[in-house]
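Please find one structure pasted underneath; my questions will follow.
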Amino acid sequence: MRNEPLKSPPRFRIRFWLVAVFIVLVYVWSFNGVPFTGIKETAGQVSKAIMKGLFHPDWSYVYIPEDMSFFQWLSDGEDLLNGLIVTLAISILGTVISAIICVPFAFWAANNMSKVKAVTASGKFALSFIRTFPELVMAILFIKAVGPGPYAGVLALGLHSIGMLGKLYSEAIENLDQGPSEALTACGANRFQVLWHAVIPQVLPEFFSFTLYRFEINVRSASILGMIGAGGIGTPLVFALEARAWNRVGVILLGIIVLVTIIDLISSYIRKRLV
Amino acid sequence: MIEFQNVSKVYPNGTVGLKNLNLTIHKGEFIVIVGLSGAGKSTMLRSINRLHEITDGQIVIDGKSITAASGGELRRMRRDIGMIFQSFNLVKRSSVLRNVLSGRVGYHPTWRTVLGMFPKHDVDLALKALERVNIREKAYSRADELSGGQQQRVSIARALAQEAKIILADEPVASLDPLTTRQVMDDLQRINQELGITTIVNLHFIDLAREYATRIIGLRAGQVVFDGPVAEATDDKFSEIYGRAIKKDELLGGTE
Amino acid sequence: MSNPGTKAAAAMKKPDRTKTYITYIFIILLVWASAAKTDASLIKLITGTPEMGKLLVEMVPPDWGYLDVVWKPMMETVQMAVIGTTFGALLAIPIALFAAGNVTKSRFLLYPARFILNLVRTIPDLLFAAVFVAIFGIGPVAGVLALVFFSFGLISKLLYESIEAVDPGPMEAMTAVGASKLQWIHFGVVPQVLAQFTAYTLYTFEVNVRAAAVLGLVGAGGIGLYLDRVLNQLRYDRASMIILLTLVVVLIIDYASTKIREKLL
Amino acid sequence: AGCAKKEAPQQSAAPAPAGNKQEAAAPKTGGTFEPKELRVQFVPSQQAETLEAKAKPLEKLLSDKLGIPVKVSVSTNYNTVIEAMASKQVDIGFLPPTNYVVAHDDKKAADLLLQAQRFGVDDKTGQPTTELVDYYKSMIIVKADSPIKELKDLKGKKMAWQDVTSSAGYVYPAILMKKNGIDPDKDVTGITVKGHDKGVLAVLNGDVDAAAVFQDIRTQMKDVPDAVQKTRVLSFTDKIPNDTISVRPDMSQAWRDKISQAFIDLGKNDDSRKILVDIYSHQGYVKGDDKNFDIVRQAAKDIGQKK
Amino acid sequence: MIEFQNVSKVYPNGTVGLKNLNLTIHKGEFIVIVGLSGAGKSTMLRSINRLHEITDGQIVIDGKSITAASGGELRRMRRDIGMIFQSFNLVKRSSVLRNVLSGRVGYHPTWRTVLGMFPKHDVDLALKALERVNIREKAYSRADELSGGQQQRVSIARALAQEAKIILADEPVASLDPLTTRQVMDDLQRINQELGITTIVNLHFIDLAREYATRIIGLRAGQVVFDGPVAEATDDKFSEIYGRAIKKDELLGGTE
């Protein structure tokens, strides 16, 4: 928001226009690449089927009593309930792992934590690299290591989330109020003490908030990981999609929405407790 | 003893903060720095403990150049300089006690402070410092539950607990009401006199300056335009500092 | 500040932290239960790590020649991401403003906006893609639409949070000046969140470039199809080529994002 | 390298040639691995009537037969099955022909045990017959009113493929076209879609002129019930061998036999067959013969996929 | 004319901010409000332009009730009331000029201001206001590059540029040096006298209050405990306002 309503130096005006032209070109190029093909012939028929399915969820799938066990949720049923619980478990563990491991990465990549540019740059690169590694490939890697199942999903999600969380954390650190750090520095604290006593208490709420945010994304990603046998609700979701069983899709979607909403409620409660 | 040797500071955007400063501040002095807003008072104070890097010259404290110091040495030097910030610089979410204790970290190995294992002696010291500024009872409150004046006092307690040899205070009484202002200045004076701690304070109030200082330094556009004992700081001198004659009735409260 | 007398006595003693401890215990229990449910074990991971190494070895050197093939779909992915992110971001602005309690006072706007915001981000992007593919047929249009909704969910949540966290001072000043609502937002809110908004949008753009890899799985176009293909062919050297290319794009976006953030912050 | 690479799997403890030629029946092959717990992974077949990601029923059935715990997991991606078998995280995998060949020949990750049997499909109506077969077919479809009357007409047209590793959605139809003088890579504009249903939809929507899909996906698209009427089959492909049940190469011969027998028995019992049909559309299993897959190898070679 | 009619304000957490205030402020008065920290000074000021909603009674400005006003009417009424905030309330990331110009938005249609198309007259006015507070040269700096006192002056310039009929100032000189303090107070006085603008200022400095005010209002715990011309505001009265006798030397600069 630095645009001056008055005369700004011509140098800036030129640069402004250069940037503007560049952006326009990017858009022209993008729209050319994705021609809008219009609504399809079968669209009406298919949408109707989808809508009908979504609004008539397959309730019978919610809970399939498999055996007499009262603690069915502890076993591995193949219904919505168990799928959601596994998804939840994968996300919780994956999020916790990443939230812990990404902290050093975040400090490594935050540009106000080191004066040496190369350090920051390498940290940012490491985070980008982790982010770029597709969850799917990561999942395959971990399936080779620990076998197919939710645990592989946890690890894939945990590792992959480091990239994003690390980036968000590091930006939180960069945006931080320098006052308390300054005070600690003035007291003769070393770098780590400054971190621990001035930085961490300040960024903790933001870290927490980002972590919860990532947790929600992980719940959704866990659904994707289900595709490759990493457990959770994803597998049935993909099959329901492929089978075009829209009422099944509907009930799964509903399940995910309810799950995320509950998470939202719980996490805002926890946030209030801890912040 | 703090020596400024040809100290200059130019901000990255070209603003000149300090211009060829040469000064010697002796142990136990109570110095008040006055000057117009933007004169460079904060810049000067923050150069002493190197919160700002100066761009030229050097600052020598008790014979050691802080400008050249680095690593552990710099930290030890800083440990001996307490600072009271205009904007308090408290960790708002931590308790008052924790904030005060953080002034002690320079004395202990990292692992110890990180585990929160401050020795009993430190905790006592911190509580005593809080007592001194009359907010002992707030020790376990979160810093953001305090009023502005109370926060200012926590910041003073932190500097006290640090057991520093020098205290730098950047407008410690702005936004305090007259009663609290008095209290804070008295406190600073007491530790200066009782413990012989060199004290450097930025102030806007000429009267307060005259009352508490042993020596007044006037800054203008980053340069020292007055330096001398209170007795010499006549109204004329202040006129010089502020760039134009100050009519008698312009001195804050000077009338009446 | 208001009644220090009543609080002072309580504050003297260390405060009661039982509730906080209970919360911590609750979290630890959750993690423990999750570990049990997912059969997590550190030993399994350690003993299995060499197997991962085998696959990583297969990834080097990348099949540089494959670049010719994946170059075009990668560009298509970027194009999809550009459009998806743009529209997602544009949609996110009003919703985030309506959902922010410090900007919108009317409950009739506030709660519906929050509801939309919450609903959209619960839906997996894959599901969006699948439904759009079913409706619009295969190809990038479905992918773009999925990305629009996905970006909308991401940005609106983040933007809404930063709007709620802005310094109320300037907004107050604008109220005092007699500004209209739009002026109030433009002068009081926008300058404060512009940097974050841009950062989030660029960040989402980057996420979208990567998300397109997943969308390809349901036929929504882009590079994802190729990743899926080479994985099915067990051509990890080609997979690593795709990853490297994505990395280059991500790094470029990252660089631009950092520069812009520096400018705006 | 040719279609019949038959050296011993590297992971195998036994130096003896692993059992693709010798078949499961020959008692002298196999490794030394004795499972304490059997881990099975499968990809539910697209051909199944109801796509269900269910693992439990099979777990119970097999476990009863084998007397050891069985863990079944589900994937949508053959890659994970192969990789997991290669790193011995999975003992038994259900692999379709093309993927089996890659796993067996290139990755040395799987030996053939059994082949699934299904009901055939009536070429005319697309409805299932009562005949048990160990193959299925794929087809190229166009719109019912399309001017394309024979394969040659496809030249210069747009065509929807499945992924290039798909036997039914790419390999076999591509060979069919080659035989008819059309280069599947150059003479048509190919678009890759995910899922055979998407291929049908692409044809119906006019996005493409033709699509390669398995026989007969059209009857399974419940939300487009008139798909059969609205499309026309241009040509059927050769027979494609049915899904395999493959085993990791170091499995001991005794256990191979035991497992084969267990699956075959499952197919013979009415109750258990019902489950197999519901979930995998498998009607039963027969001993597999690696030779059956030489066609697949040849096919892959014909279209230049096999090294 | 500003009339407080039985005005009360209770904060949602139960704190009583104002208690049954009845006051009439006439056009052209220069009113200084004094009182301890927490007495309700800010609350009172902010009720006038309805930054705080009062919970009881009403405030009438020039015959129109701002308590009842809404929409465009409320905005026009607010446009005519300038406010100087204790904490500046600047957009730190915007330029100084932009901050000052934002005081003018009430005069123009939304689209115009959003496009940044302020008429030349406005820009001149803004620059003149900056000149008045001596920071004309910082017009194109970002607000966060300024020292504390400089930021305060930007906030004052914004209120000046607004060309309001009433100016409310919440501790406008808290972090200013004496000279600038003087200048600002003089400025406020000048526009008060020359343009007849009603001016209401919260102050901590008794001396300043006495010097500039035409009328002093003392608040304590949300109630008016003193209201009268300067001549009547004796030391005894101040003792009453502050709740205890103020020793002579506790008055800021009262000694000397």
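Note that the chains are named A, B, C, D and E in the order they appear, and that numbering of residues resets to 1 at the start of each chain.
By definition in this document, a contact is a pair of C-beta atoms (placed from the backbone, for glycine too) under 8 Å apart; a residue touches a chain by one contact, two chains touch by 3 or more.
For each chain, UniProt lists the protein as follows: A, C = Phosphonate ABC transporter, permease protein PhnE; B, E = Phosphonate ABC transporter ATP-binding protein.
The shown structure was predicted, so the numbers you read here are calculated from the model rather than taken from an experiment.
S.K.: Determine the shortest chain-contact distance, in steps, between subunit A and subunit B.
M.R.: Each step joins two touching chains, and the minimum needed here is 1.
S.K.: If I superpose subunit B onto subunit E using their CA atoms, what angle of rotation comes out, to the nearest 5 degrees?
M.R.: Roughly 170 degrees of rotation.
S.K.: Tell me which of C-D and C-E has more C-beta pairs in contact.
M.R.: C-E is joined by more C-beta pairs in contact.
S.K.: At what distance in angstrom does the C-alpha mean of subunit E lie from that of subunit B?
M.R.: One centre to the other, that is 30 Å.
S.K.: Between subunit B and subunit C, what's the gap in Å when you average each chain's C-alpha atoms?
M.R.: Measuring from centre to centre gives 44 Å for this pair.
S.K.: Provide the C-alpha centroid distance between subunit A and subunit D, rounded to the nearest whole angstrom.
M.R.: One centre to the other, that is 35 Å.
S.K.: On a C-alpha centroid basis, what's the spacing between subunit B and subunit D, in Å?
M.R.: So the centroids are 79 Å from each other.
S.K.: Residues touching two or more other chains, restricted to subunit A: which are they?
M.R.: Subunit A, residues with two or more chain partners: 1-2, 37, 40, 42-43, 46, 50, 136, 140, 144-147, 149, 227, 231, 238, 244.
S.K.: Residues of subunit E that contact two or more other chains, please.
M.R.: Expected reply: 38, 91, 93-94.
S.K.: Quick check on subunit D: which residues sit in contact with 2+ other chains?
M.R.: 77, 79, 83, 87, 89, 195, 201, 205, 207
S.K.: Across the complex, what residues on subunit A touch subunit C?
M.R.: 1-2, 26-27, 29-34, 36-37, 39-40, 42-43, 46-47, 50, 85-86, 88-90, 92-93, 96, 124-125, 128-129, 131-137, 140-142, 144-147, 149-151, 153-155, 164, 167, 171, 175, 209, 213, 216, 220-221, 223-224, 227, 231, 237-238, 241, 244, 249, 253, 256-257, 259-261, 264, 270, 273-274
S.K.: Quick check: in the complex, which residue numbers of subunit E touch subunit C?
M.R.: 11, 13, 15, 38, 49, 51, 74-83, 85, 87-94, 102-103, 105-106, 110, 113-114, 155, 158, 162, 168
S.K.: Per the contact definition, I'd like the list of subunit A residues that touch subunit B in the complex.
M.R.: Contact set of subunit A toward subunit B: 179-180, 182-190, 192-193, 196-198, 201-202, 204-205, 275.
S.K.: Provide the residue numbers of subunit A that touch subunit D in the complex, in ascending order.
M.R.: Those in contact with subunit D are residues 37, 40-43, 45-46, 49-50, 53, 66, 76-78, 136, 139-140, 143-149, 227-229, 231, 235-236, 238-240, 242-246.
S.K.: Would you pull the subunit C residues touching subunit E in the complex into a rising list?
M.R.: 1-3, 167, 169-170, 172-180, 182-183, 186-188, 191-192, 194-195, 264-265
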